[in-house]
Structures are given as structure tokens and as C-alpha cells.
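One chain, subunit A, links the two complexes that follow: it is found with subunit B in the first and with subunit C in the second.
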Partner chain A sequence: MSKGLVNLDLIIEGCRRTIEELKKMEGGDLSEELQTLERMEGELEGLKDKFFMKTVAAVPATKTCVDEVEKVNQALAGNKDNPAALKQKLNNVTDAVEVLLSKAQMRGTTLT
Partner chain B sequence: MNTEPLVLITGGGGSLGAELTLLLSGMGRKVRVFDLPGLDYDLLEETAGIEVFPGDITDRASLSEAAADVDSVIHLAALLPPATEEDWTRTEAVNVGGTGSLLDAVRQRNSEAHFIFSSSVAAYGDTTDENEPLTVEREFRPNDFYSRSKALAEKLVVESGLPYTVLRISGIAIPAFLEPPAVWPFMRDQRMEFVCRGDVVAALFHSVGNGEARGRVFNVAGGPTWQMLGHQYVEALFELMGVLPEEARYMDQPGWFDWYQTSDSQAALDFQQTSFQDFLIMVKKAVEELLG
Partner chain C sequence: MASKVWYAGNRSYSPATSYVADMLEVFEAAELDKLIKPNDVVAIKLHCGEWNNTAYLRPVYARTLADKIKSLGGRPFVTDTTTLNYNPYPARVTELDMRFTAERNGYTSEALGCPFIVADGWMGTDDVHIDLPEGYILKEAFIAKAVAHADVLITLTHFKGHPMGVIGGALKNLGIGAQSKRGKYNVHLGGHPAYGMGATTEFHPERCKGKNECPTWKLCRDCCPYGLFNVKDDTIEWKREKCVGCLAHLGATVGCGVMDIPREPLEGLHAAIADACMATVKAVGKDKVGFINMGIDVSPYCDCVMYADMPLVPHIGIFASKDPVAIDMACVDKVTESEGTPGSAAEDHDVAGSGAKKFENAAALIHGLSEQAQINTGAIIGLGSKEYELIKVKPSATKYYGFTEDTRPGGARFKKLFSKEDPFPRDRFNGQGFKREEKIDFEKIR
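Our next item is the complex of A and B:
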């Protein structure tokens, strides 16, 4: 399996953990971020068949997502971040995933 | 009334057509681009000397208007695979009927207009029984809708009475980071010889106003450095993209690619400027730019 696809699995698994933790939280207005992540989880699944994910170009884009998801999940586990800091980390995740989703829409080629 | 030589390019809104349009315009030619409404014409419309004429190749009335005052025509507009294989009626209407209507429109406006037609090596059909690079004398044996449409359209051009140049263009390789076809249009070990898009543009460009090219048919393919087997091309490209060779899917029946005799074409049109290695370097650069 390509490194991009390996990273994609890590991103999806990481997002699922984040979603689970956010659902357990009481207080804090993170409902919008939760909704966005739930939508993105579905879109990330859809990337598994994309040619882009088999290429070397997928590695840096997915690595960024893996790192940002990990930072959020560490923050949620440690419960030390204030709501604003947590919100920022969640926005970093969704921004990174948006970049990945955009790059994965590789333009196709017509040969004739 | 227009007194400057005017080139009409059908399909000029596509990637090949737009590049050719900008090149011709940059060299001082007046160009009229004819292509479907709704395309992004911003760059062309902003460029001096380029007129955009939205229209449909199956609409005789708009073709008649588009053909007014033209001295040369470069006919690129066509339906391409895989769309061609879904509907022969539509393919015939656009690729054959559209070519016929355009020829009629041009003949009525200027019977001396030079008609340059982008035909295709597809018209040769399955040539796996050949042992030598194909010359333009090789008979047509079209084996799908697209190849049949190109063979028929080319015949119309040659028999039109207009001064013509026919370019039988091979598969076009674009030096960019692009998603390849889900199934490559050749068998794994089939002979194939693509050509870089810039070289196709050069061949078309050098056909305009070229007396040596009038009344002739040319193979347009990359040349000896591009002659290889299908899997060799794919594996070279995939290596640059970091994709495993086993991800490639090939046809299980012959496609219509082969190796081509292009020395006559090169002598007349001087278009083979990009070797296969040059092409790979450009793709590598595109991948590196993406990686930052």
C-alpha cells in the first residue's frame, strides 16, 4: 500500500477518535467543528480510490493531516486546552483536510 | 472587410487549441477561435488579435459566419474517446458531419483557404501485425467509433477541393502532474509512440502558410526516442509519480497505437523538439513543484 493510503487510514481513524471525544464533551461550542469533521470523515473515505493517493504527492498532504489530528487528540486526552485553543487545533485539522481533499482532485488527461 | 490573414481554429478553446491560438497570436497572426459556449475564454479574450466566436460544429449557420474572411483553418474540434464510444450517431454528427459542414462553409467563403485537419493515428486501427513503423500509405482499418469517425472525416478533407494538410496525430503526452487513464489505451507490450503536446502545437503552427505542407498527409508522433512498449512508457511515468507499476491497467485487446515513420513530417514541419527524456524531466519538475 502506498504511504499516502497508509496515512489516509491514520487520518480517518484519528478523526473518528476526535469525533467520539467531542460527542462526550459537555459545554463549549464545538458543534460546528464536530459537524465539519463528520462530513469530512465521509469525504476522506472517498479518497481511498483516488489515483492521487497512490502518488508521492499525497505523502506531504496526508502527513500534515496526520500531525494535526494527532495534536487534537493529544489535547483532548490531556484535557488541558482551553476551548479557544482546542477550537484552533480543530480548525487546523479541517484546514489541512480541505487542502488534501482539494489536491486529491487531480485533473485528468485526455490522450487524443 | 478584413485584409489581414485570418486563421480560424475550431476547438480553439481546448488545451491544445488555446496553446496554439496564443502562439499564433503571439507571432502576429489574427486568430478567430470557434468553440462551444460556456468555456473559459478569459485569457483568449484578453489577448489582442484573438476573436472568440462561440458556436457548435454541428450548427451550419454559425459555421458560415465563423468562416467569413478566413485564409486558413485549423480544425481541431472533435468528440474524443471515451465519449465517442458511447454513441455512434453523436460521434458521426460531430466528427464527420461537423467536418463536412465546416468544409462546405469554408469553400463557400474562400475556395483557396488552407484547411489543416487534426486527424488521428486511430484511423489506422489495429496494426499489431505490422513489422515496420507505419507510413502514411498504410491503409485504414478503423476498429472503433473514434477511429472510424477520423477515417471518414479525413476522406472528406482530402476530397474537398480545398488546399489541405492532414496531420495524423498520435497520443498526446502532457508534461504535467495529471491523473492517467483508468485503463491505458494499449496492451502492456504493444508498440506505442506518443508525442508531447508542445510538439503537436509546433506541427500545427508550422503547417500554417507552409507551401511544402499543402496537399500532404503527415504522421505526427514523437520520434525514435518515444518508440517503446506500453508498459515502458507507463512505468517511466509512474516512477516519477511514486506509483507502483502494478497499479497500471492495460487493454486486453490491441488499441490503435504503434510506431510511426515521421522523418517526412519532421522535414516539412520541424516539430520534434521534445525527446522522451525531455518530457520526463518536465513531469519530474511538475511533481517536485507540487511537493514544494
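Our next item is the complex of A and C:
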């Protein structure tokens, strides 16, 4: 399995953990972030059969997502962050996933 | 036996160490000047750059080389070839398009001081057939006529990475760049029963959303110059048996998951590139071809993409040789030895350290491609040697590398002109010329 696909599994698994933890949380009003993550989880699943995931270019794009999801899950496990800091970390995840989803479309890609 | 590769460093600190001067120094050190006899027609083969690519070689290098060739009595022309329809919006498929793109990139006869010639003509079918029994995969090749018929060929290459080829060096400059359009179909293994695009692509029409749901379906309908795609309401049809391997559909169809490109056709391409380079050398004559690799702006992808990313490594220097295998090997080794550029794809892929293979880990399209496959094939078929002796060329302490139109010092050149019209207005402000403060406070601006 390509490194991109290995990373993709880690991202999806990490996102699922984040979603579970966010659902358990009280206060902090992160419902919007939760919704975004739930939508993205579905879109990430859809990447599994995309050619991009087998490319070398998928490695850094997926690695960034793995790292950002991990940071959120560490913060949620330690319960250390205030809601604003947690929100920022969640935004970093969604930004990284947006970049991955966009790169995976390979729009305008030239393969020569 | 080890081939000689001459090399000038990657730092400039004087006119004699400019990259232009370095290019001329390695050209002479490698005795490429000795290939040229008076009245020889000399092709300078380079990549004129794709639309909006910005890493291709500045025209000044070709201009300087053309001037040098003229000083040796040769008749230079700068040349490149038409391309396949290798993306949905190609810019160099016909001579008309290529001239437009080349001129936009600065490759005009005015800039070059010699003609810019599209070597394979209007359609890309103006070529010379070469038998290649020694080829690893190709047994024949079609060389662009203007290259094949030249008395001498100077291969001026921008050395960089390449998504399919993994590296884009001297071997590829001739192995793809000197092939006519039909030659390029051959090298890309179009129609090959085992390694051609039509034969090898994994096709998943069931993943196509079709006209009903896909917002970009019209591009899939219109990308193939042979009309081999038919997008239906909820799927797509592909007449793959008729595919000639021009690559045009990839920019439209690989993103959505309908197509998957396996490794073998790409590895086949690497072998074919070395074969086709061999055919080019055969066409011109083994003792009539020289190679210069400009190891500057070492972008991860080729000059044929419509952008240029940050270089993988800082400039590695300027190289010259009569052996295309050795010169590419020397450049690959230099890139491996170099630290990656901070913030570049080398860093993204954790291969920024010295000793890490940058191209196959950060530039290749898919995993498992070797950055040495073209080089290894070239060595196997006897095109050149992977063993090389790298000889450092010292900058000249005596040669003049200034303005060539009038080499006198500026005082001698402009004394008469300035006596006719002094650009300094001495008649103003008691000879001071301009209205300015007498003194200012430097502390405020430090």
C-alpha cells in the first residue's frame, strides 16, 4: 500500500476519534467544527480510490493532516486546551484536509 | 572506462564566474568547440519552456553559445520540437503554437542572434527514421529533421526533475526533445501491447459520475484529439484499443479515480528515452554531439509543466561532456550530495539531507521509480558510461566576460558622446546639478 494511503487511513481514524471526543464534550460550542469534520470524514473516505493517493505528491499533503489530527487528539485527551486554542487546532485540521482534498483532484496536472 | 565531465561551481562573484562564463568555460574545457568546423550548421537543442513555466533556461545562455559558435565559423540555430497533446490545454503541439510559446518565453531570433527553428516542422512529422537494433526497447526512432541533419549538435539542457522521467537531463533532452511528434509517440510507447497507455491503464468506468453529476465532464469529452472518450449520463466509455498514448486525457481523468497508471509503462518510458537519445546521437554522428547541463533552478518537475516549483536543491553548477550518460550521472550525484532547499519539496518529503535521493522521493510521479533508470539503460546499450571523472574548471583569470559590442572601457567609449551632450546638468545650482538638502540626520534612518 502506498504511503499516501497508509496516511489516509491514519487521518480517517484520527478524525473519527476527534469526532467521538467532540461529541462527548460539553460547552465550548464546537458544533460547527464537528459538522465540518463529519463532512470531511466522508470526503476522505472518497479519496481511497483516487490515483493521487498512490503518487509521491500525496505523502507530504497527507502527513500534514496526520500531524494536525494528532495534535487535536492529544489536546482532547489531555483536556489541556481552552476552547479557543482547541478551535484553532481544529481549524488547522480542516485547513490541511481542504488542501489534501483540493490536491487530490489533480486539476490541471501535467503528467509528461 | 570513466568518461570525463567538466564542471564549474555554483557560486558567482565576478563576471568571470557568472553562469554564462561558466558555460563557455566548460564548453571549451570539454573541447566542444573542437567539434565545430567553419560553415558547420550547428543545432543548439534546448527546451524553450511551457506556457507559464519559469524555470526553463533564460535565452541568454543559448544566445551566448550561438555567438561563440559564430566566432568559430559555425552557423548556429536554436531548436526544440513540437509536443504530443500531453495535457488538456497544450501550448506547443504545432509549429504555430510552439513559436508563439517560445517567443513569449523570449526565444526569438532577435534575442538569440540566430534563427529559432521548430526541428520537426509544422505538424511534428518532419523527421528522419533511424534503425536501432541495439535499443533496449525501441528498435527504431524518428529524429526531428533539423536536428538529424545538423553537422554538429550541442545539447543545452536545463537539469531538473521530471514526474514521469524522474530526471530531466541530457538523455531526456534528446530522448524526448529531439524526437519528432511521431518519435514521441514511439518513446511514450503509444500502441505498445504490454506497456502502452491503452494496454496498461487500470480503467474504472464504474467510478465515473457521468454527465448527470460530474461538473467537469465536458473536459473528458473534449480532451482526446482522437475522440476516444464518450461520457454518458452515469459513466464513461473509452476506446482504449485505439489509444496512441499522447497523454492528453491524464489531466482530465486521473483525478477522479477513473484511471490508475501502473509503474511498468513509466519504467518502459525511461528505457525508451535512453534508446531514443542513442538514435539521435547515431543520426548526427557520435563524434559530433556535445552536452552541457545547466544545474540551476533544479525544479522538481520538468519545464513542460505550466508552473515551476521552488528548486529541490540550490544551484549545483554547470557541466559539460561528450557523454550523455556520464553527465546525467554526475548531476544526479551532485543533487544527492547537496542539502535540499529549505521549504522545498525535498523538505516536504524528508529528503533534504545530503545523501538522500531527491528525485525519486520528491519529484517522481509514483513510488518505486528509479532516478537512474534512464542512465542505467544508456550504459547497458553502450550510449555512455556511468563511471565518470569530474574535473573542476577554474574561472579564467584573463578572459574578458563583459559587454561584447564594444570592449573599450566606458570612459573611452563615452567621452566624445558626453562632450556633445552632458547628461549631468552642470548649469544648475552652482554646478551641483540638483536641489537637495546640504546635510541630513543619518541616525533617524539607521
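Convention: the second predicted complex is superposed on the first by the 106 of 112 C-alpha atoms of A that agree within 3 Å, B and C clash if a C-alpha of one lies under 4 Å from a C-alpha of the other, contacts with A are read in each partner's own complex, and residues count from 1 in each chain.
By definition in this document, a contact is a pair of C-beta atoms (placed from the backbone, for glycine too) under 8 Å apart; a residue touches a chain by one contact, two chains touch by 3 or more.
What you see is a predicted model, and the numbers here were worked out from it, not measured in a lab.
Trainee: Return first, second, both or neither, reflecting whether A:Ala85 touches subunit B, subunit C, both chains, or no partner chain.
Mentor: Neither partner.
Trainee: Quick one: classify A:Gly108 as touching subunit B (first), subunit C (second), both or neither.
Mentor: both
Trainee: Using the touch definition from the top, say if A:Phe52 reaches subunit B (first), subunit C (second), both or neither.
Mentor: Touch partners of A:Phe52: subunit B and subunit C.
Trainee: Per the contact definition in the header, classify A:Pro60: touching subunit B only (first), subunit C only (second), both, or neither.
Mentor: Both partners, subunit B and subunit C.
Trainee: Mind sorting out which residues of subunit A both subunit B and subunit C touch, each in its own complex?
Mentor: In subunit A, positions 2, 51-52, 54-57, 59-60, 106-112 sit in both the subunit B and subunit C interfaces.
Trainee: Give every residue of subunit A touching subunit B within the complex, in rising order.
Mentor: Residues of subunit A touching subunit B: 2, 51-52, 54-57, 59-60, 103, 106-112.
Trainee: Which residues, counting only subunit A, touch subunit C once they are in their complex?
Mentor: Going by the criterion above, the answer is residues 2-3, 49-52, 54-57, 59-60, 104-112.
Trainee: What residues on subunit C touch subunit A, complex-wise?
Mentor: For this pair, the touching residues of subunit C are 50, 86-87, 89, 162-165, 204, 207, 247, 250-251, 254-257, 259-261, 301-302, 304-306, 345, 348-349, 361-367.
Trainee: Please output the residues of subunit B touching subunit A within their complex, sorted ascending.
Mentor: Interface residues on subunit B, with respect to subunit A: 80-81, 120, 122, 146, 169, 171-174, 176-181, 185, 194, 241-244, 247, 287, 290-292.
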